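Next come two complexes, and both contain chain A; in the first it sits with chain B, in the second with chain C.
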Partner chain A sequence: MQKGETKQRKRSAFILLGISLFVLFVLNISLGSVYIPFQAVVKWMFGFQISNEIWENILMKSRLPQAVTALLAGAGLAAGGLQMQTLFRNPLAGPSILGISSGAGLGVAIVVLLFGAIQGISLAGLGWFGSLTITAAAFLGAIWVLFMVLFLARKLKNNAMLLIVGIMVGYASSAIVGLLQFLSTKEDIQSFVVWGLGSFNNLTWDRHTIFIPMVVIGLVGSLFLIKPLNVLLLGENYAANLGLNIKRSRLSILVITGLLTATITAFCGPVAFLGLAVPHLSKGIFKTADHSVLIPAVMLFGGALALLCHLIARMPGFDGTLPINAVTSLIGAPIVVSVILKRRSLTQ
Partner chain B sequence: MIKKSGLFILALVALVACKQRKTEADKGMQKNTPIATYKPSYANRFKVEYFKDHKRVEVVHPWDSTQAPIVSILSEDSLFLQENPDAIKIPVERWVSVTSTQISYANELEVLQQVVGMAEPQYVSNPIVQKGIREGTIRNIGSAFAPDAELLMALHPDMMMISPFKEDFYGPVRSAGIKIATNCSYLENTPLGRVEWLVYVATFFNKEEQAKSIVEEIAKRYHDVKEIALKADSKPTVFTGKTYQGVWYTAAAESYNANFLKDANVNYIFKDRHGTGSLSYDFETVYESAANSEFWSLIVNSPETYGYSLLSQEDERYADFRAFKEKNVIYSNSNKSMIYEKGLMEPDVILQDLVQLLHPELGLDKELVYYQKLTKE
Partner chain C sequence: MENPDTLSLRTDNLAVGYDKINPPLHQDINVKVKAGEFICLLGPNGAGKSTLIKTLSGFLKPINGSVWYGEDKIEDISEAHRAKKVSVVLTDRVEIQNLTVFELVALGRTPYTGFFGKLQKEDVDKVHKAIEEVGLAGYANKSIDKMSDGERQKAMVAKALVQETPFIILDEPAAFLDLPAKIEIMQLLRRLSHEKKRGILLSTHDLEMALQIADKIWLLAQGRTLQKGIPEDLVLSNDFKCFFEREGIEFDNVTGTFLYHRVERQQITIKGTGLASTWVSRALYRVGFEPVLKECDWQIQVSNTSKKYSIHFKEELLGEYASIEALLEELGKQEALVKNFQ
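Showing the complex of A and B:
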C-alpha cells in the first residue's frame, strides 16, 4: 500500500516536471526583448508559415537554439553534479569540483589575455576567429584537467584525495588566471570577465552541430551509470564485494561528467550553481536515493531550471540580457536553503 | 596586521595632506586673475589659464563633474618652481606616456624624442617609439595600471601623462614625487573634441600655437566634408557593430562613433537611444531594428582579409540582414587601418570615407583610407 502510494507520487512528480519543462520551453520561445504575438508563435510551432520574416528568423535562429542550449546545459550540469555527489559522497560536490571548469577558465585566460599581451591584438575585436578560439581553448583546458584527474584517479585509491587534488587544480588555475589578468589590458580583462559570467545565447545552429551530440552522448552515458552509482552508495568496499569493478566505474563516471562539464563550459562559460543545486532539489522532491529515479529526474529538473533562469535573464521589456550566473545563483540559493530547512524540520 | 594598517593610515594621511597643500597653493595662485584663458571650441573637458609666471590647466573630473577638477600648474619660471614644488617644469624635456593615443598627439607635436618611458609598448605601432624601445632610449614601464614605480623614479621624468581609471593606481607613483598629468581625451564624445586635446598636450611643451592651428585645419577639413554630406538628398539607414559572446555592442546616440554617422548625414538606427558610451543589446533587438537597414558599418580586427563568408561563419544569422544580402557592408580592419591610432588625428579622412561609401549617389571618388566596402565573398 505504502509502496504503491510513493510510486504514484513519483509518477505524478515526473509528469509535473515534464509539463513544466514543456511550458518553460514554449515560454522561452514566445518571450523575448522583441514582442512577437503568441498566436504567431503557436502558428510557427505547428509548422505554418508566418507572414513576418523577421519574426520567423528570430524564432528559428535565435530563440530556439538558445532554448535548446539552456535545456541541454541544465540537464548535463545537473547529471554531472549528481554523479559527483554520489561518487565523492559529498553533498557539496558539483560538476566543477574536479577543477574542470577552472581548467576551461585557464584555457580561455591563456588565449584571451596572453594573445593580447603578446600579439598586441585585443581578442575582443577578432570576431569569428576569436569566438571559436575561445571555445576551443576552454575545451582544451577542461580536457587537460580531466586527463590529469583521470591519471591521478588511477594512482589515488582514495576519493577524498582526488577531491582535494581537484580543488588544488582549481586554486592553481585561478592563480595563473589572476597573474594573466594583472598583465592584461582592460578590454581583454573585460572579455574574460564576460565569458566567466556564463551565457546561453552564444550558440547558433552551426555550433550546435558539435554541442548537441556531445551533450547527448554525455546524457545517454549517464543513464548507463545508474547501476554502478546505486551500488557505490553502499560504500566502496561493499560495492566491490558485490562484484562491481570500482576502478572502471569510477573512471567511466569521471569521463562522462568530464565530457559534460567540458563541453558545456566551453560553449556557455562556467555556469554556476545548477549542478550543485538541482540534485538536492530533486532528492527533496522525490525523497529517494535511487539513481534510476534521480538521474532522469535531475535531467528534467536541470533543464527546466536552466530554462527558467534563461527566461528571467531575458525578461521582456529589457533590451539586454542579464548574465546567466547572476540569475542561476540568485534563484538557486534561496530554493536550496528552503529545501534544506524543510528537510530538517521533517527529520525532527 | 596592525603594523600594516598603521602604515596604510600613515600613507593615507600623507596623501590627504599632499592634496590639501595642493589646493591651498592653488587658491593662493588664483588670487591674481589670468592674463588669458583658452576655452576649447570642441572639447568639453579641459581649459587652460595663463598667468604671469605660470599656466593653470584644469581638467573636468573624469567621472563626476560636481567634484573638484584636476588641476596641473605648469611653469618655466625657476623662482615660481622653487616656491611651488608641485608645479610641473615646462617645456617638458623628459616624459612618460601610458597610451598609444598620447603618442598620436605627441607625434603631431613632434615631441616623441622627449619620451623616456612607455607603458604597454606592444600596443604602439609608431616607428619612433618602437625604435626607442629597441634601442633602450625609451623604457618599458610595464602595464598602464600597475607601472613599475622604481623604474619611474630612476627615469625621473618631468611629467607622466596618464589616462584616468576609476580606481587611482598612481598613488605610489605620486608619492614617489612623479608629477602626473591626466589626459581624459577618450571621454570626449565628438571627433573634433578628441582632436582638440592636442592643445592640452601642447601646453606642456609650450607648443599651443602650433597645436591650435593644426586643430583649426583639421576642423575646417572636417566641416568641409560635413557640408558635402549635407548635399545628399537621402539619408540611408545604417547600423553598427556585431555580437560578442552573445551581446551586441553598438554606439549610443551621442557617442564618438555615432557622431561620425550623424555628421555623415545618415540615419543611424539607434539615434534616439541616448548616451555617450556603448549600448549592449541581445541579437533579436538589433535584428528587429536593423533587418532592413541599407548599410552595415563594422570595425573588425582580423589578421586575414575580411569577407562575407568569414562574417557568416562567425554567426550564421548575420546573413539574414538586408545589408549583408545586398553586399552593403562597410568595414575598417583596425588590424591594418590604424583607425584608433592614426585615425584619432584624421577624423576628416574617416568622415570622408564614410560619406563616400554611404552616399554613393554623391559620386565622390577619393582614395579610401580607413573604411572599405566589404567585397570579398
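Showing the complex of A and C:
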C-alpha cells in the first residue's frame, strides 16, 4: 500500500520535473533582451518560417544554443555530482571534488596568462580564436588532472585518500594560478576572471558539434552505472562481497564524471554549486537512495535548474548576461539550506 | 544454489596476516564449516579474529595455504562467483538516508540481477520472505536510518540470506547491540543455520553466549594455534581456561562463566537456602568475599521475614536488612570497623 503511494509520488514528481524543464526551456527561448512575440516563437519552434529574419537569427544562433548548453551542462554536472557523492560516501562531494575544474582553470590560466606574459599577446583581444584556445586549454587541463586521478585511483585502495588527493590537486592548481596572475597584465587577468565566472552563452553550433556528443555520452554512460552505484551505497567491502569489481566500477565512475566535468568546465567555465546541490534537492524530493530513480531525476532537475539560472542571468533589464556562477550560488545556496533544515526537523 | 550438503568451507594450512613482510598473525589453520553448522570464532580483542574472518570471506589474500569453498579455491574465482558462495555482515556501519529495508535487502540479490539491477518478481518474493524470516515483517518500507541497531543488523542478515550463499560470515554481529538484541540476533542466526542449512561463522568475544549457543567453537588468541571443537569438549580439556587466562580473571569450568579474583578473600558463612541465598552468595563474591558453608566469624542469614538479610559476627547480630544493597553497604562498614579494631 505504502509502496504504491511512494511509487505514485515518484511518478508525479517526474512528471512535474519534466513539465518544468519544458516550460523553462521554452521561456529561455522566448525571453531575452530583444522582445520577440511569443506567437512568433511558437511558430518558429514548430518549424514555420517567420517573417523577421533578425528574430530568426536571434532564436537560432543565440537563444537555442544557449538553452541547449544550460540544459546539458546542468544535467551533466548534477549526474557527476551524484556519482561523486555516492562513490566517496560524502555529502559534500561534487563533480569538482576530483580537482578536475581546478585542472581546467590551470590550463586556462597557463594559456591566457603565460601567453600574455611571454608573447605579449592578449588572448582577450583575439576574439573567436582566443576563446577556442581557452576552451582547448581548459579541456586539456581537466583531462590531465583526470588522468592523474585515474592513475592514482589504481594505486590507492582507499577512496578517502583519493578525495584528499583531489583536493590537494585543487590547492596546487590555485597556487600556480595565483602565481601566474601575479605575473600577468590586467587585461589577461580580466579575461581569466571572466572565464572563471562561468557562462552558458559561449557555445555556437560549431562548438556544439563537440559539446553535445561528449555530454550525451557522459549522460548515457551514467545510466549504465546505476547498478554499481546502488551497490556502492553499502561501502566498498559490501559491494565487493556482492560481486562488484571495485576497481573497474570506480574507474568507470571516474571516467564518466571526469568526461562530463572536463567538457562542461571547458566550454562553460567552472559552474559552481549545481553539481553539489542538485543531488541533495533530488534526494529531498524523491526520498530515495535508489540510483535508478536518482540518476534520471538529477539530470532533469539539473537541466531545469540550470535553465532557471540562465533565465535569471539574462533577465530583461540587465545589461548583458550576469555571470552564471553568481546566479547559481545565489539562487541555490538558500534552497539547499532550507531543504536541509526541513529534513532535519522531519527526522528529529 | 548448488546442493549445500556436499559443500563445505575449509582451509588448508592457511596463514593469515596483513602483509607478507611481517610474520603472519596465525598459521597452519585447518578448519571447516559444514552446511547447517553454527560456529563461533572466539577470542580476545586483538587476537586476529577480524583478519581470519576477512581472509575467509575473500577481502584479504591468504599469506600462505588456501581457502576452499567446496571445490573452488578462493583465489581462482571471480568476485561475481564468490558473491554466490559467501555473504558477509561486516562491522562497517550502514547509514544511508532514505534507503528502505526492502531496498537494502534487495541489494543482496545483486549477484543474480541483470545489468541495471532490476528485480524480477522472483527476487521481490525472496526479499519479502527473508525480511519475514529475520523478524522484520511489516518493516519493508521503513527507512533504515530510522531503525535501531538491532533491527538494522537483522536487515543485514536478511541481505545475506537473499544472497543465497551456502556460507554466511559475520564479523562481530552483536558487538554494539544491547543484551536482548544480542541474544535475539544470535538465536536468529543459529535458527537460520539449522533450518536453512547454511554454514554460519561469526566472530564474537562474548564467550558465555557462544558457549550456550554455538555448535562449534574456534578459539583464537595471539601467539597460539587455533583450537576448535564443541563447547563442552573445550571446557573439559581446559582450553578455555588457557585461552582466557589473564591476571585476576579466571574461567570457571563449573559455571562456564568468568570469575573475578580478589587477592585475598574473607570467608563468610551463608545460612539459608533458596534463590535469595544464591544471589546473596553471588553479590558477596562480587564485592570480594568468599561465601562458604562452614562456620566462620562472619555470617549472613537469609530468612523469610520482611527484613530478609542479617549480619552476624561471632554469633552476635549486627543488623537486619531488606535488600542486598543495604546488606552489602552495612557489611562493608562493619568489616572495616572490625579490621581496624583488630
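Heads up, the rule we're going with is that the second predicted complex is superposed on the first by the 348 of 348 C-alpha atoms of A that agree within 3 Å, B and C clash if a C-alpha of one lies under 4 Å from a C-alpha of the other, contacts with A are read in each partner's own complex, and residues count from 1 in each chain.
Following the convention adopted for this analysis, contacts are C-beta pairs under 8 Å (C-beta built on N, C-alpha and C of every residue); 3 or more make two chains touch, one makes a residue touch a chain.
Quick caveat: nothing in here was measured; it's all calculated off a predicted structure.
Between chain B and chain C, more residues of chain A are touched by B.
Once the two complexes are overlaid on the shared chain, A:Thr261 sits clear of chain B and of chain C alike.
Of the two partner chains placed by the overlay, neither chain B nor chain C lies in contact with A:Thr135. When the two complexes are overlaid on their common chain A, residue A:Gln85 makes contact with neither chain B nor chain C. Within the complex, the chain A residues that touch chain C are 2-3, 6, 224, 226-227, 230-231, 233-235, 237-238, 240-245, 283, 287-290, 292, 347. Interface residues of chain A, counted against chain B in their complex, comprise 32-34, 53-54, 57-58, 61-63, 117-122, 124-129, 131, 134, 182-186, 191, 194-195, 199-202, 204-206, 269, 314, 319-321. Touching chain A in their complex are the following residues of chain C: 57-59, 78-84, 86-88, 90, 92, 94, 96-99, 102-104, 107-108, 110-111, 113, 115-118, 140-141, 145-146, 163. For chain B in complex with chain A, the touching residues are 120, 122-123, 143-146, 242, 244-247, 279-285, 287-288, 291, 299-303, 310-311, 313-317, 320, 334-335.
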